[in-house]
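Once you scroll down, you'll see the structures, which are given as structure tokens.
One chain, subunit A, links the two complexes that follow: it is found with subunit B in the first and with subunit C in the second.
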Partner chain A sequence: MARKLPRRDVVIVGLGWTGSILANELTDEGLDVVAIERGPWRNTATDFNAGYMQDELRYAIRKDLFLRPAQNTLTFRNNIDQEALPVRDFGSFLPGNGVGGAGVHWNGQTWRFLPSDFRCRSHLVERYGAKIIPDELAIQDWGVTYEEMEPYYDKFEYLAGTSGKAGNINGKLQEGGNPFEGSRARDYPLPPLEMPYGPMLFAQGAREAGYHPFPQPASNASRNYTNPLGIEMGACSYCGFCERFGCANYSKASPQTTILPVLMRKPNFECRTNSEVVRINLDRLGTRATGVTYVDAQGQEWEQPGDLVLICAFILFNVHLMLVSGIGKPYDPKTATGAVGRNYAYQTFAKVEMFFDNKNFNPFISTGAMGQCIDDFNGDNFDHSSLGFVGGAGIMCAGTNARPILMRPTPPGTPRWGSTWKKATADNYLSSLYLNAQGSSYATRGNYLDLDPTYKDRLGRPLLRMTFDFPDNDIRMINYMADKAAGIGKHMNARQIVPHYQKKPYDVVPYQSTHNTGGAIMGSDPATSAVNKYLQSWDVPNVFVVGASAFPQNAGYNPNDTVCALAFKAADAIRTRYLKNEGPLVPA
Partner chain B sequence: MKRNLALFTALLPLTMAAIFSATAPVMGQGGTDSQSFEQIERGRYLATAGDCVACHTAPGGKPYAGGLALETPFGKLLGANITPDRETGIGNWTDDQFVQAMQQGIAPRGHLYPAMPYPAFTKVSRSDILAIRAYLNTLEPVNNPIETNLLPFPFNIRSSMLAWNALNFTPGEFKPDSDKSAEWNRGAYLVEGLGHCGTCHSPKTILGSARSGDALEGSVLQNWFAPNITNTMHKGLGGWSQADIVQYLKTGANQFTIASGPMAEAITNSTSKLSDPDLHAIATYLKNMPSDGNAAPVPVVGSDKRMIAGQAIYRDTCNACHRDSGAGIPRLFPTLAGSAVVQSDDPTTLIRVVLQGSQGVATAAAPTAPAMPSFAWRLSDEEVASLLTYVRNNWGNAAAPVTAADVKALRQSLTNTD
Partner chain C sequence: MKKISGSTLSRRQFLASTVVSISFASTPDALARSFSGQLPWSPFAADPPTPARPGPWLFFTHDEAQTIEAIVDRLIPGDDLSVGGKAAGCAVFIDRQLAGFFGSSERLYMKGPFVQGLPQQGLQSPILPSERYRAGIATLDDYCSKTFSGRTFPALAPKEQDEVLQGLEKGSIDLGDADAKTFFELVLQNTMEGFFADPIYGGNKDMASWKMIGFPGARYDYRDFVNKHNQRYPLPPVSIMGRDDWGGKG
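Our next item is the complex of A and B:
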């Protein structure tokens, strides 16, 4: 039996990036905010301890900071003709857990989407005609423009101390930046990170090939930085332990290093850890949330009433909570009706390995987001009219690390173990590079999220079920990119170039990316989107669903800059509009 | 769990304010109307300057209701209940009794111990003391009986303090020095009086009284070394500007360091809430304290095997934050090069921070609160000694080497007490 707690103005589910941003903004507004976090409290000196943080076995292999499947997982299948089975060890993607969420273990790659990405369908139709879009794709517009997003991107990048070089300031192209990016109001708060030899060689090769290389925008501080909240970050030490690790040096932006020191001091904020929200409670009509019910570490169930409920968990669990709480109409792939679970998408990768003679790249000198990139083949930056696919990818030389367990590059044909393998890893460790193509992932009618009919979680709720395979469009796109990347490799004079193409079916076991998107997508039509352009539920207007769950499809970039910009945008809408007039911000 | 406060601590006081006042909340000569808003507000400010709340509040307890255990070299004392409760607090006291407790260390129930720093508070003016009294009278009375005296025999005999006072205590309100500026006098009044800085920062005799002639030159208490805060170059505040001192007291951090340990508490409770003019006055006074006059020692040579080992450990363990140059990062990781704490004769704080880690203070103006992790589990006594010998003698630093025995003793002491 749930025990009822005193009412709060705002109840936030999950204290990762979006929960922290919204909590900080709404406490500034004077609201009384409680955040309910599934995992533990986490703090730099105690949990990302400089004395043992660089432990690849513990953090990267045994996944110490991540969600454990015993606490919560999902089932997976490639298509509706299969029976989905539970994921018992997270592999392809690694949901975060605990205070800071996935913001603790990300790399810091901080990209804005292209203006054309936000008007994906309209843009393609305007440029090429409707026939360019393959039948299998369910591409939608976001209901928001890049111009509307720009101030919120700016807010996040300055909060996070992002290091980079602008390519376009107020419509004026900037030498050395990304000439394809949308116009920004000002440059990044910090200059780019130092560039090691590998990315410099890539930039030179890309220029020779006629492309436009630029430094990857990184929320790894290139200089000491004081953010707008007065919180200090230290210049990055290039230790190469970003992804899967917390930062021991206060250099990688995370809620811990950019928001929580200020948020936790506020008397009108409280965080309850090791407490998992079971469901959002609705009134009898199902049109208003009354709060949430959660279970604490002792197994005690609590009802936390609140006037406003912000669902700020990882995307899969945002969608799961909506489904188990009965918020919005579940998506049905047979009829393509219903909004919740619709347009689940991912990220499409290809990789090109390159082996060199007589080079030393010192690959261990690294950060999660250091490198050089080209955007010549991203989004619709190039002519698709005769290519047979839509979408694109960023191509980059951005080795995030060269840690000793997982980074063992060997040429094809090398045995997988034994003395020959050992010699090959020693021979190639310093003298190999790889290029990534990080491509868009476009939604289809058959890729979606719903509740599993068979398997339940520890709290008795049906597990979320993921149905996903790579669209043929995306396979054609990314393999085209692999060839383009290999072409740059030729300009770099590699001894051996090994493209790794992508193929179907999608495999949920090997790690690929934690850039899961969609399922509670934003848009301008309640029939085909779960939330409006302010991330407010069409069906229950005192619920906002914040995160990559709102992406109608995924672009060829890391999602976090857009995720956090959307959080600032939702906060702004709540502060300036919703609180003055509670109810739908967009008429349905 | 105990709090690391001063050996001696406590409360009150006031000043000849108007005469040389640079302070914001000064309201003239200090009215005696205990109901006046100005008088009460002034008392609140002065109680903050005296950090009364620190010793007179138990962890998690009601403010000023007493109960914090103060570990002294002679035994344990508890801060008294100073709410106006008539039975268990000081509600029954007359104003004169209150002034006598503050200035003479004599309470209605008998002699106080100098854990209540009446040797400092004796300098506080009667009018300031009455303002504090007026403020304390506005608190909710809390019925909380406290037996303050947990000292062992013979120290538990209060009248023993008669002899102590005769030897060690010079009563008398602060007398301004007309040769000095009003700001200096205000600073002296705060530092020597209400602020009772010397309670932690002045070396003590074996009887626990301030050693004459070397005020504020640093002292060990509760396994912390409260550093020299005179204008000494090498191991005092000589390298800090007046603005650095003000910023440190106001925000807890400046370009060189971040407060932790007992000073973090003093900043949180007290100095971060003082007016800018008062902080400038304190800085003026401290920057005019004479240097201790001692020349820096000759540094340990780089070829010493402890220096070589220490450098290797430093590069492996410390370098990412404190940097090759020992410069650290402003307001995030303290500067080691030229640091007074690093070069102090007594390395207690330095050893402690390596063994136990430390939590930087957070204030509204400097909210980051960076922390250093503990390395006790990873570095042996010998390794800590080499590391700190290196840190104390690199980048132009110079200080006596740290021995493995020093580290072992503190490790043992921290294990026993925390």
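Our next item is the complex of A and C:
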């Protein structure tokens, strides 16, 4: 039996990036906020300890900080003709768990989407006509413009101490920055990180090829920094244990290093850990949330009533909670109706390996987000009229580490063990590089999320079911990018250039990215979106669903700057509009 | 909204209940907690790794250990680049991993039904790594003694051992239910983990693999070297436990 707790103003599900941002904003407004987090409490000094954080086996291979599938997972298939089976060990993506969420062990690559990304369909139709869009794609506009997003991007980048070089300030192009980016109000709060040898060679090669290289925007602090909340960050030490690890130096932006020291001291905030929300409770009509029910680690069930419920549980669990709670209409791929689960998308990658003679890149000297990039082929920054695909990719030299269990490249044809393998490993470890093409992932009718009919989680709820394969459009796009990247490689004088093209089917085993998107997408039409432009549920207006679940499709960038900007945007709408009139912010 | 509701009360009620139910959970970390009003802090709290301790095998029998030692010594043969897998401690590493949470798939989703899936859906098997080793070694030794007139894997000549391993890798040797390919992939993965992981886990003795490739290990601060392009990093590797010449064990 659930034990009932006293009502709170705001109940937040999950205390990761978006939950922390919203909790801090809404406690500033004087609201009484409780955040319920399924994982443990985590802090820098005890959990990301400089004495033992550099442990590849524990953190990167055995995935100590991540969600464990025994606690929760999902099932996967490529299309509706296959039977979905459980992801028994996470591989392709690695959801976070515990206070800080995936903000603890992300890389810090901090990208704004392009102005045209937010008007994906309208922009393409205006520029090329409707027939440029392949039939298989279900791309939509976001219902929000870049100009509306700009102040919130700025807020997140200043919160996080992002290090970079602006390319466009108030419409004026800036030497050394990204000339394709949308106009920003001011430069990054910190200058770019130092550049190691590999990215510098790439920038030279890209310039020779006629492109426009610039340093990747990084939420790895290039200098000591005090953020607008007064929280101090230390300078990054290029430690090479960034992604999959917590930062022991207070240099990587995370809820721990940028928000929690202020948030936790507020008397009107409470965080409950090791407590997993099992559903959002609705009133009899199903149009108002009354709170949430959660189960704590001791197995006790609690009912937490609240006036406003913010689902900040990461895209996969946002959608899962909506489906198990009956918020919104589930998507049906056969009729393409229903909004919850619709337009699940991902990120499309290709990679080019390069082997050099007589070079030493010291690839272990690295951060999660340093490197050089070009945006000449991202979004619609280039003419698509005769290419046979839409979308694009950033191309970059941004190796994040050279931790040797996972990162020891050998040329193709090398055996995987024995003396020959060993010699090739020793010969190439310091002298190889790779380039990445990080591409858009466009939604289709058949890629979606729903509930699995067979498999259950430890609490007896159906698992989320993912149905996903790469659209042919995206395969054509990313392999075009692989060739462009290899072309830059030629200018870098590598001994051997090895493009790794992307192919179908999508495989849930090798790590690709934790850039899952969609399923509770934003838009201006309740028939084709689950939330409005403020991330408020169309169906249950005292529920906001915050995260990459709101992306109608994914752009050729990492998601988190946009995810956190959307969290600030939702907070602003709640503070300035919702509290005055607790109903739908946009008429349905 | 906008009124501060009875939060103190709720917190107290919540805490009282957690105290009552402490006996259900094994470690304090796994308990539900409530935090409010301050940044939680407990002095000297930390969660350091548990180093592998020398001593007898924890998982393998004597005979199993001999087979695994022979395998890791062919996957990573000793030569002028480094010691071999056995001397580097890879078998000890695997033994300790199998005796711990890895061996029992404790962190994985292990609910049925178990259905043979497509490769892109990942391994779908109720067999635990510890069980896979036990069955794999037994069937391999069986296969070897049948094929090489009574000699088990450790007794084969290095060239014969390599041929057997290649057969497992390619799937041309059939170990029946023990699933030769999956067994081989698991052993290869764990051997490489042991060779390249921090020495605290029992493999990579004296940081042999890190010295071989030029990885400085747990150093954690390269600010003074990031701008020194195309130069060899001058300092030797260091483990989480330190180095021999620091008086710790490296």
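In the analysis below, the second predicted complex is superposed on the first by the 588 of 588 C-alpha atoms of A that agree within 3 Å, B and C clash if a C-alpha of one lies under 4 Å from a C-alpha of the other, contacts with A are read in each partner's own complex, and residues count from 1 in each chain.
In this text, contacts are C-beta pairs under 8 Å (C-beta built on N, C-alpha and C of every residue); 3 or more make two chains touch, one makes a residue touch a chain.
Since this is a predicted model, take the numbers as computed values, not measurements.
Engineer: Quick one: on subunit A, after the overlay, do subunit B and subunit C clash, or do they fit? Just give me the call.
Structural biologist: With subunit A aligned, subunit B clears subunit C, so fit.
Engineer: After lining up the shared chain so the two structures overlap, which partner does A:110 touch, if you call subunit B first and subunit C second: first, second, both or neither?
Structural biologist: neither
Engineer: Going by the contact rule set out at the top, does A:507 touch subunit B (first), subunit C (second), both, or neither?
Structural biologist: second
Engineer: First (subunit B), second (subunit C), both or neither: which does A:68 touch?
Structural biologist: A:68 contacts subunit C only, not subunit B.
Engineer: Touching A:248 in the superposition: subunit B (first), subunit C (second), both, neither?
Structural biologist: both
Engineer: Counting only touches as set out at the top, which of subunit B and subunit C does A:265 meet: first, second, both, neither?
Structural biologist: Touch partners of A:265: subunit B and subunit C.
Engineer: Please work out whether A:232 is in contact with subunit B alone, subunit C alone, both, or neither, and reply first, second, both or neither.
Structural biologist: First partner only, subunit B.
Engineer: Scan A:417 for contacts with subunit B and subunit C and give back first, second, both or neither.
Structural biologist: Touch status of A:417: second partner only.
Engineer: Tell me which of subunit B and subunit C touches more residues of subunit A.
Structural biologist: C
Engineer: Counting only touches as set out at the top, which of subunit B and subunit C does A:224 meet: first, second, both, neither?
Structural biologist: first
Engineer: Just subunit B (first), just subunit C (second), both, or neither: which does A:46 touch?
Structural biologist: A:46: touches subunit B and subunit C.
Engineer: Minimum C-alpha distance between subunit B and subunit C after superposition, to be given in whole Å.
Structural biologist: Subunit B and subunit C, overlaid via chain A, are at closest 5 Å apart by C-alpha.
Engineer: Residues on subunit A in contact with subunit B in one complex and with subunit C in the other?
Structural biologist: 43, 45-46, 49-52, 235, 237, 239, 248, 261, 265
Engineer: For a test of understanding, state which residues of subunit A touch subunit B in their complex under the given definition.
Structural biologist: Where subunit A meets subunit B, its residues are 43-46, 49-52, 224, 226, 229-235, 237, 239, 248-250, 261-262, 265.
Engineer: Which subunit B residues qualify as touching subunit A in the complex?
Structural biologist: So the residues of subunit B in touch with subunit A come to 317, 320-321, 329-333, 357, 359, 362, 364-375, 377-378.
Engineer: In the complex of these two chains, what residues of subunit C are touching subunit A?
Structural biologist: Going through subunit C, the ones touching subunit A are 1-7, 9-11, 13-14, 17-18, 21-22, 24-25, 29-42, 45-49, 74-77, 79, 81-82, 101-102, 106-111, 113, 115, 117-124, 162, 165, 169, 188, 191-193, 196-198, 200-201, 209-210, 212-223, 225-227, 229-233, 240.
Engineer: Under the stated contact criterion, what part of subunit A meets subunit C in this complex?
Structural biologist: 3, 5-10, 29-32, 34, 40-41, 43, 45-47, 49-58, 61-63, 68-70, 73, 76-78, 82-83, 85-89, 91, 194-197, 200, 235, 237-241, 248, 260-261, 264-275, 296-300, 302, 307-308, 359-362, 364-365, 402-405, 408, 416-419, 422-423, 425-426, 429-430, 454-456, 505-509, 579, 582
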